[in-house]
């Protein structure tokens, strides 16, 4: 449910709009629902709106967790 | 794609799966309801079931806003679309949902109604500005994720003093639905489908936070893990649930820590609060009437409320007789338990809501899982 | 009494500001003029120049192949081509997929009243360039004009004829368990290029349509590996539809490997954005090939040596399955069904 | 856990109340179903049954002929036929007009979303009947669905291939001064039958379309009189357009005699009513033939012996005229120009 | 067709032609203006000129209601058609008339205006009833024949209280135009084109009778024969004019006695009088402003008058510079005298009004007579 | 100008309408502008309206005149 993907904010525009990038695809979306979005940040995009910020450090931490976990179980 | 591909890494998936297999006790079953169709989809599309031990059992919940829309509401939308000089806008998912009499918005369009697919509520606003001589109605559906965007559109329409725009609001609330499932007689009294834990929808929680689940984790003593929709996220959350269950804990844990906080997105919550208020009751397909489970537009915005503007009256319409969606949405049945699954009911000719959206349990099973069943049968 | 009257004279078409009028399909001088000044000028060749309602061609020996497609793409112009070049490539490809050398095309236009002549000329010129580049002539044609609101700018039917050399037998019913499945390059480009132009979707992608004529790639493949069982271009409905067609026709199952599928990042991203699956997105310059397992390495090498197959990949194999299911081994080692598309692909929010 | 799931099962199309949906052109199971249950069922033949994107046919020796026409008639059903039978007849006739035996047809459908399946089936069945009656198969086809408002119910492109026996050379550029001009029967029936259905014109006429496949008439004519210079079916733009085309191609003039033209009284009356000239009204089952003068009597006799030529008439002759004018001797002994139609024929009030 | 075919009998035509040849004096010219394009058409289509002696010379008058419509009026009609939610209905003939800037109603339609061809004014009413939410405007043109039908439509619209229908009235009057031609300086003062007699339009006279011509037959001492449109009628009327001229008479004679009376159709005249009144002036293409030569809708029906309803203002637009229509309509020039005839100006790309309708002098000559000229030239 | 043809009135209908015939072509037209039209009569039809009655006797007289005239001039 609620198809949403992380996108990078390339450029803030007027009226709460921003140009974002996802894997080379660019789209102008509304970021007015997320407080204080800055260029270079990642946000979660849903139906043309950023609905939250993506915390890159947290994302890396989660991935690191997976990798460690892997090590224990590795054959 | 950054922060997507990494979470689809097949190698890491194997590691997570092995960890689950190692930790899951072979003596018991872990009955996990993924509330949200997005998780159902990920499980099917990536074949996650094949990676997991038999002790993990997924139960598909009612978490697809398209699947839970009752027939009567689609009928209303079709009636609006058929009004002269009216354009009905909605998300692509809703166009195929079956309504009364074999109708759907797609069929109404084929018969001449002006029904347009939009990607965003703002596109509906744009259409309204481009056609000042037409009534433009946005058929708004969705859970807490999709509600703030609708709120923004309503506010913009008010700010621009747009006269020809309105919203037919069908936004519903996740926690109310989950609670309803736990309150269902079959679950609570008869215990037919004992659920051990929940995978909670992360995107909803980016907005509402994880806190709303704390109440029933405690009340019903079931662990909840707010999980992302990538396959590694799903595996990770299964592991987290297995651990809680093994340890006898029933906490709300946040697997999607990269975007979900305990309190969620206050700004989005405020936009919603400005525009919407609770409905005393709302019919869900499969679940029936669920109290305080949906939103409606506040009286201050009545002029932008299509229900008010067109004096819509709601008529509940029963689902197709054979359809087991209700039981499937509650986790009481599996798609294969439905007599018409795959014959009278297919994705081309859906009889029930679970067959409509790719997120629906029946549709996901038809598209991604059907051959497995056939293989077993043959 | 003298006069400047020129018998049969007509003012030249206004290709700058003029537009299609019903008269251009009315069978009168205006139609003759459109044919002369636009179609004849662009497609010029002896058969067409004859001016008859049919063309006569001298086929080389072999069995005759005929394929037809009506093209209704919207928008008419897109990155990498337009409906004109697409109409040529699409039909050449259908002819080529049975191993035939394309000989000639017909072109049937259905024009909507009011369509700008300037754009029509660009389309016709693209067609002509595409046909010349492919070494094929448009030998006969037809023009109809429909009232405004009864069409969509331009529809083009092309029908192609070609000749299969004796001994070659390619058909969708020849796939056998054990055969290998190859694709000639990254999938989904055409569909994503088109969707990126839809106002209602509104995104930009560094993707151009893959629209291309594949007959020379096919010729190279068959020269080297005449054992190829079947070829097909995965157009509408994408790779998923074509694999399902082939498995149905041959009464076999097919298993593909997700990791082996060539997909550009931007195509993947656009599909994520819209909730689509690249397996269902249209291609216009790709082919799927099925061949005996011992020939696949050579076939892949020939394909990769050709500019239109440089990213070719072995993506799966044919298995025994009386249900004709197409399956995919996911990157996780799981397996899922790759069904026909249900209805049309609509962008999803959930 | 048991299930009634039938692999690949789809509910049969509802030919009573169903209508065309975008999904029927989407490349998925719905499209495959439409093709199976409608087109395959109606046109059934080995080439089509193969299920490939192209058909392979074995042509008899001779030069190959190919003709294409898109059919956009409105209304789709009319006295004497519908767009389906018309699409078969029209293309067979274009193939036949160069003396070829028609071998096979392709069919490209452009369907508008919402068009009733019941009507579509009637159309397809008429096509199938017309094709069978003519001894020709529809060997390959294509289906596209366009959004409502982007089409007009049904458009059908048919492309025909045929083979001309060696030695036969018919072409519009072969008319020579002195040649005779013949028509195979009364003119204007098709156009008047169609106009009688236009709500805005609102008249009733005891006229049915002449839509018919002329290849057998042609075969009979050429058997007896192989010297025929050219044949053409006077469709859009009527006899006037076709004579102008032929005179232009051959660089000659043509004189016809008003009194010799076969025209039904009701066609004449409808034209009077609307201010139209029957010379410009479309035919779909007539041909114009040009032959050397010494052959015209025999040719006329053969034509009249055939049911589709029973009212054939010698209507004029070819003259020298570098301007390529077509003239008509009026019933009064005066002469007038029979020009191309200007624009489309619009009913007149004055 | 009864009462048509009989009047197209080639045998009888020969007899009439021989009678004319026998009676026409070889020493003089008979300069006959056929006022009406219908006669021009008959002369061209049946090749009557070939049957007549050289002493008979036809001069084509301004009698085609389409050809005489000035550019400004077509511009008005196009403006109406382009209004949103408006349907403009008119007779097929008017759709191709060139307006300003290379426009025409056909082109406006191609560009999206809703322009519909009707066969009768009642069809326009029918369209108005079928589209209550659209403005339907009937672009009414024509001489006295076409005016009574428009009057019936206006009265029915009033009776039915139709709110969305109106008429853009461009009805013109035959006698005023003929008089204008005779009053033209070139004719009266300079005598450039001495006209000997007139063939008068019979269909107009079925309505207005033959009496309105009596005034100028006497005033200008020119014979007038009211003639049918079949070729034998035209030949017969030529014979009648030759006889009058030979005998020095200048009477109004009625060749079309089978349907024309001296007083015409009183009932039709009454319908016209009920709905229309004289305009003080009206611009004719080629003739310029002609006083009291057209009708407008009476104030009682102002709500049904598109000029009133849409506040149309008229702007006169000069014809293409090279166009000689004015002189041709006045009988001063022949189509071949126009430099652009047959090259810049053809029926497909008409520059002037005479090339538009099949009735127009240039169009008739292009379509039916051009090859003769070419033959002579070559 | 004013394309009009003689048609036979086959059947009078309501509201001034009538079914007419011309050479086998039938059409419903308005005859309200011509006083006292009866079935079997011929009228002159223009833009869907009868604009006058056709006097058959007069028509025959005119044709007779042509024929006589012919006789004088006949070779």
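Worth pointing out:
Labels A, B, C, D, E and F are assigned to the chains in the order they are written; within every chain, residues are numbered from 1.
Rule of thumb we're sticking to: a contact is a pair of C-beta atoms (placed from the backbone, for glycine too) under 8 Å apart; a residue touches a chain by one contact, two chains touch by 3 or more.
Not measured: the values here are computed from a predicted model.
Touching chain B and chain D at once are the following chains: C, E. For the pairs A-C and D-E, the larger set of C-beta contacts lies at D-E. When every chain is reduced to the mean of its CA atoms, the largest separation from chain E belongs to A.
Comparing mean CA positions across the assembly, the chain most remote from chain D is A. Each chain gets one centre point, the mean of its Cα atoms, and the points for chain C and chain F are 60 Å apart. Between the CA-based centres of chain E and chain F the separation comes to 21 Å, rounded to the whole angstrom. For this pair, chain C with chain D, the centres built from the Cα atoms lie 28 Å apart. If you average the Cα atoms of chain A and of chain E, the two centres end up 74 Å apart.
Residues of chain E found to touch two or more other chains are 1, 4, 9, 14, 37-38, 64-65, 91, 106, 119, 123, 142, 146, 346, 348, 359, 366, 370-371, 374. Shared contact sites, meaning residues of chain F that touch two or more other chains, fall at 1-3, 5, 22-23, 46-47. Contact with two or more other chains is made by residues 7, 21-23, 28-30, 202, 265, 268-269, 272, 275, 323, 325, 339, 342-343, 348-350 of chain D.
Taken together, the chains touch in the following pairs: A-B, A-C, B-C, B-D, B-E, C-D, C-E, D-E, D-F, E-F.
The touching residues of chain B, counted against chain A in their complex, run 1-4, 6-7, 9, 11-12, 14-16, 18-19, 22, 36-38, 63-65, 91, 119-123, 142-143, 145-146, 148-149, 152, 201, 203-204, 206-207, 229, 232, 236, 255, 257-260, 264-268, 271, 359.
By the touch criterion stated above, chain F contacts chain D in their complex at residues 1-3, 5, 22-28, 45-47.
Of all residues in chain B, only 106-107, 109-112, 334, 336-337, 339-344, 346, 348-349, 366, 370-371, 373-374, 377 touch chain D in the complex they form.
Considering their complex, residues 1-7, 9-11, 17, 19-23, 28-30, 33, 113-114, 148 of chain C touch chain E.
Residues of chain D that touch chain C in their complex: 7-8, 21-23, 25-32, 50-59, 63-72, 74, 94-95, 97-98, 100, 104, 106-110, 139-142, 144, 146-147, 149-152, 155, 157, 159-161, 164, 171-173, 232-233, 235-238, 241, 245, 248-249, 280, 282, 323-325, 339-345.
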